[in-house]
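Some notes on the structure that comes next.
In order of appearance the chains are A, B, C and D, and numbering begins at 1 in each one.
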Amino acid sequence: MLLLLQYTLIFASVLLLVALGGCFSEHSGVINIGLEGIMVMGALGGALMMKFLPAGTSAFLVVLLTVLASILLGLIYSLLLAVAAVNFKADQTLVGTAMNLLGTAAATVFVKAMNTAADPDNVSSTIQYLDGRKAFLVDIGGFEFNWCMLLAVIALVIAYVVLYKTRFGLRLCACGEHPQAADSVGINVYRMRYAGVLISGVLGGLGGIVYIIAGVSEWKFENGVAGFGFLALAVMIFGQWKPTRIALAALLFGFFRALGNVYSGFDLLSSLNLPSSVYNMLPYIISLVVLAFTSQKSRAPKAEGIPYDKGQR
Amino acid sequence: MRREKTSLLRSKGVQSLLASLLCIVIGLLIGYIVLLIINPAGAGEAIRTIVENFLYYPSAAARLRYFGNTLVKTAPLLMCSLSVLFAYKVGLFNIGAAGQYVVGAGASLYVALGLGMPWYVCLVAAIAAGAILGAISGILKAYRNVNEVISCIMLNWISLYLVNALLTNVKETASPYTFTLSSTNPDAILPSLGLGALFANNQYVTIAIPLVILVSVAVWILLEKTKLGYELRATGCNKYAAQYCGMKEKRNIILTMAIAGGLAGMGAATLFLSGFEQWQTTQSAVPAMGFNGIAAAFLGGLNPIGSIFSSYFIQHITNGGAYVDKTMYSAQISDLISALIIYLCGFVLFFKVFMNGWLDRREEKRRAKEDASGSEEGGKA
Amino acid sequence: MLNITKRFPGIVANDNITLQLRRGEIHALLGENGAGKSTLMSVLFGLYQPEEGVIKKDGQVVQIKDPNDANALGIGMVHQHFKLVECFSILDNIILGVEPCSHGFLQKQSAREKVLALSEKYGLQVDPDALVEDVTVGMQQRTEILKMLYRDNEILIFDEPTAVLTPQEIDELMQIMKNLAAEGKSILFISHKLNEIMSVADRCTVLRKGKYIGTVNIADTSREELSRMMVGRDVEFVVHKEPAKPKEPILVVEGMTVASKLHNNNAVKDVSFTVRAGEIVCIAGIDGNGQTELVYGLTGLEPLVAGKITLCGQDITHAPIRQRSLLGMSHIPEDRHKHGLVLDYTLEDNMVLQRYFEPQFVSKAGFLKRKAIRDYANHLIEQYDVRSGQGPVTVARSMSGGNQQKAIIAREIDKDPELLIAVQPTRGLDVGAIEYIHKQIVAQRDAGKAVLLVSLELDEVMSLSDRILVIYEGEIVGELDPKTTTAEEMGLYMAGAKRKGA
Amino acid sequence: GGGSDTTTDESTDAEGDTSENATYQVAMITDYGDITDQSFNQTTYEACQEFCDAEGLQFEYYKPAGDSTAERVAMVDAAVADGYNVIVMPGYAFAETIKETAELYPDVTFIALDVAQADLGEDYTLPSNVYCAVYQEELCGYMAGYAAVKLGYTHLGVLGGMAVPAVQRFGYGFVQGADAAAVELGIADQVVMEYAYGNQFFGDADITAYMDNWYQTLGVQVVFASGGGIYTSAAEAAAKVGGKLIGVDVDQSANINTYGEGMCVTSAMKGLAETVKHMLSEVVAGNFANYGGKIETLGLVNGDDPTANYVQLPMETTQWGDGFTQDDYKALVKAMYDGEVTVSNDISAMPATTITVNFAGNIK
């Protein structure tokens, strides 16, 4: 039971962070299909930081620096989307798809090159961070608390406040809904869209590191992040682009993911003897069905995916 | 003379071609720089190896044979790119080509291995399976307003798990691979009609290759020359106008996705029914073929004929990547380069706008000059 | 604004224009469509940068690079097409861009008080918490005005503010503008309606084809003079036509009810009428009273909630759009960009949009007969004088609005319909084109066709129609004869102040 | 235009520059996956690399463009074209590749690991330039399972990587060993075995969650993690509750114990690296003729000295106890060598057991 809670929370944290990232990007008017690639890059940044931090660094510092590193790399990588989508008016879906392919390929090439440079016999694309991961964990009576869960909650609160209570949030949403209107009241739409995409880079990168430390102490970058970026997109849509609903959706998806792994601990479920593929498919099927019933009144930002051109009326 | 050159540069096809070439060149250049950074010693040779692909082999027979292999894998890629392109022309982004490819593979192999049907039945099954999956996205879009990109992403994963589960029925327990066609049901292998002989007896070269080229041409004709194409494109460009003039816009959306899905499904069949590959039932990621199809479609300037060349090119460098010296560079380097090229395809529109702007400015200058000289002459007279 | 020149690719939208605005005056700006009025105002508001010329305020040269600069200088603008974020509340829309903040957090309470005070003071009734998408066009406009007042602007630009308002709302607006001017605010006012300008403006500047024609004192001028300055010749506002000779009924509508997309109420309520061959029946009314839905219901774009439609004796209540078209219904749609054209198609492909499936254009095997299409398009282009850069292969998007409209009219009329439904066929067109289109419509009537005209322009309604049905809140509230009625009377019907029998 | 070639390098021709003085050049080809699997491919790669470095032979590895026989054959052709004349191919998937290429290149020596007669087809005779070796993983799996139960563990788990033959043989051997020990001890009704495949050769949060469930909820005491890097997930989970692990392929105690002191009970070792090096040295010594054309099952070759066998448990690091001492182990090996204890290598179905085995299939 505790395990189910623990894994629900950790999976939900990943999904929540990344989905909130997508939410910011889309509220600014840019569709971010490239979250998967951004996650890989964020994971890479964090993993590198943990690998190279000297042993004996205080846990707090490890967590802080690791988080910052993944944020930084996610942010830089998301520039690829921002530049293409905002300045060059590229097709956002295409660029996002390219970023997903590029993220895994680039991270693998980089890690392999790094490993081989350090030791010619080491051809793996794996980074180990045994001690680094421990810094994130606190054992609370058998419940393995991960500081990232707290980060996710903080991100949720901040996202809610920023989107609904601040000037920035109001302006951001205006750019995703009606960029011409925003422009006419003196808001720099390009800058806002940059901000939206870069925030999605920050949160996506953070989600990446949370994902790879969620269960293991080494990561093989060839494997990317196994579709979590796409799942997060589903969570975002499921949550109707609203932070609180996204949080609920993330919990739901996290719950199913966790359940798929620990179901054999429940007599009822293990006696059902469902193949594991059922549990794997479940989140996707549910979101598809829910989408079918909710999309008529979809609250997607109206101008998302449409490049903003100042000259056009 | 000059004017002719200008109008040539203004032609859409030429512009697309130039833009695509630019993507390729920049993509390779960045790839080369990455190689240089990793290991300067072998970078030149590595990039040449990638570009050479089958020319890596010294013997003519081997070159021919592996040219054949590249073609064999180009066929499904081309079909996936046609699938993406077809939908895109009709205003839909078929990111689900990947999943449609998966169900195409599942259907063709199951019908071949599980039901023992001949190749044409398998082919039809693959097309039907892909079409059904595509149609699901189309129906969700037309009747429930579900964004096709999202439904396609979901369906990609669902199809992967379903097909893995289905195909476990047609494999040995001890192996994750499905049975080979040659041992189980040779009738399901696409006929070669002597084509294999042309490629130094490459057993995998089948009618699939001419078939997909025919399909490309057919897609082009369908889109540009037929009433159906006229309707579908109109729906894609402006579904309200389509509705206004009495087209069945919902049906058209579904039909488009079904055709796109059928193309991707058929793509899978062209590969798996050639016996080239067996399905691995433990795959945990959707095959990249469908995503690469997006790249090929855009690189080909969203033109079915252009797709033939861009698909071949992408497959060519992907295969070429296998020959790069692995002790120096990792195997993912060719993935990196093709991902870069896809990314750069996003800038094609900008390239074109830029090129037109440049032409405009040049023309204006020329006109200004002509005006100036004209008025001068007028002044003299 | 001195010597302003603004070019767009291929066109000089403003050519060396100078305009002076005095404190406390209402200054009208007049010109045909595309004369460059909106562009000039956008330059003043910082949305566009002029290639030449300077802007001075209080004698100082100022740089207006973006709307923020304009705002800082006290310049505000109500745009021709509202710039409101639909899913935001009215309050949010008003404060957007100048949000009262402490440390980046919104302080909506103070904003609300200010908005309420302003709305009280100027009689601009709004509900600050309502979402823009839920409120009427009038309230949206009041929101736009409040947006300017909230910013304490001294120079207020109104770009065609009256086009979407009821006569009563127009009166209110005029009063508000006068009040504002009396307070010392300066107003730039764009309108095509001369009587509005005559009644409210102090001075008027006229533009034609991007060029400055002149500025006149309203007190010293007349409608005729203004229109002459605007078009460059004397304009005939009357359409010459013979009396109608109505014959058999073509369209019979009984008890038609259509649901609304915007609210839960029905947009069209139990409407019945008949259109006969050889007459022009006009549906008059203020925008948003169900005209759009009425036409959607007739043409099959929307299903009916109740009622029956008969076309040439056939029940077409549930017939698909294609069948209605084949039965002889032609439809010049309200929104030429949304419905009327596939903007990315060539002109020739747009010309056959309603008949591409006919055997003359498509072979049995389903291939288009390209040559036949080209010939047909060329024939229409010639006959209806549709002008475009590259003839039949011009992409529709690149054509001017007037020629786009001509292409649609050519297509719909050449179908040789029994019933022509024309919705605001002259919207956004210059007078030349308007005259031409009016002639075409009258010619259709004279050829014995039934014509149903939907128009928001009183002048057009009065001069073109043989019978007027006034629609108010989805109901036909009156049937008028243009020969015996007056614009004033019609205005009362349109505003719901009067209805038949009452 | 601007289709200019980006390669400015004027390097020598790729085909002509192979050093003629070295008689043997070794190439390795992976079947699918990379040499980063922390398992079969990686061990083979490292052994080849080490051997060639020591002997001064040229060594290169090839990774096919995709997971198909055609693409594996392409790599053989490429290696031969590059002048390599000893080709090491780890993986049962190479059966078809051998059939397609061996006879084509009679001068090239092929060493295929894990390719059995069954994979090649019963009526196929191996040409004399090919040597195939199949390990009897079921034997060391059996030893490990036997040892675990004898050492007092009653709730065991098998976490396989992907369900490929080698992994299955390990697992089914483990099941048989545990069963035999339980029956011997008369506690078959108390011994329970969980059995699942991760469907990947690496650990991640899902697998860790699964393992947590085994250790914490189901009460599994020791898990036999046989599938490359997948052990990392099991080790993470074991560390939280002081659970135990059994390693695979090589003596993994050092790796596993970094997660927790004394975590590694034992490892089911197979002499993959040794065989590769041995075969290569035999090739270099000119003795390949003794091996060519054979398919050897490498298992027990010495009943008295367990360390001389291809499959074994580590003498040093196994946590011997009263239930299972080194001497018990030696006795077991002897009995197995003598045929008194037999282990089935049939992987078509889960072995029949007296103990309870809960088979869960693939986790992902």
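The working rule: a contact is a pair of C-beta atoms (placed from the backbone, for glycine too) under 8 Å apart; a residue touches a chain by one contact, two chains touch by 3 or more.
Small disclaimer: the values here were computed from a predicted structure and weren't measured.
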Q) Which chains are in contact with both chain B and chain D? A) A
Q) Quick one: which pair of chains has the most contacts? A) A-B
Q) How many angstrom lie between the CA centroids of chain A and chain D, rounded to a whole number? A) 36
**Q.** Length of the line joining the C-alpha centres of chain C and chain D, rounded to whole Å
**A.** 77
Q: Please work out the Cα centroid separation of chain B and chain C, and write it as a whole number of Å.
A: 45
**Q.** Shared interface positions of chain A, touching two or more other chains
**A.** 112, 123, 125, 222, 226, 275, 277, 280
(Q) Give the residues of chain B touching no fewer than two other chains, as numbers and ranges. (A) 284
Q.
Where in chain C do residues touch at least two different other chains?
A. none
Q. All pairs of touching chains?
A. A-B, A-C, A-D, B-C, B-D
**Q.** Complex interface listing, chain A residues touching chain B
**A.** 31, 33, 80, 84, 88-91, 93-95, 97-102, 104-106, 108-109, 112-113, 123, 125, 222, 224, 226-227, 230, 233-234, 237, 275, 277, 280-281, 284-285, 287-288, 291-293, 295-296, 298, 300
**Q.** chain B - residues contacting chain A, complex
**A.** 34, 38-39, 93, 95, 140, 144-147, 149-151, 153-155, 157-158, 161-162, 164-165, 284-285, 288, 291, 294-295, 298, 329-330, 332-333, 335-336, 338-340, 342-343, 345-347, 349-350
Q) Which residues of chain C touch chain A in the complex? A) 45-47, 66-68, 70-71, 77, 79, 81, 83-88, 92-93, 95-99, 101, 104-106, 147
Q. Tell me, which parts of chain B touch chain D in their complex?
A. 21-22, 25, 28-29, 32, 43-45, 47-49, 51, 56-59, 62, 65-66, 69, 72-73, 172-177, 180, 204, 276-278, 280, 282, 284, 318-319, 321-323, 325-327, 331
Q. Where on chain D is chain B touching in the complex?
A. 2-4, 6-11, 14-15, 32, 34, 59-68, 70-71, 74-75, 77-78, 81, 92-93, 96, 162-165, 168, 199-200, 347-349, 362, 364
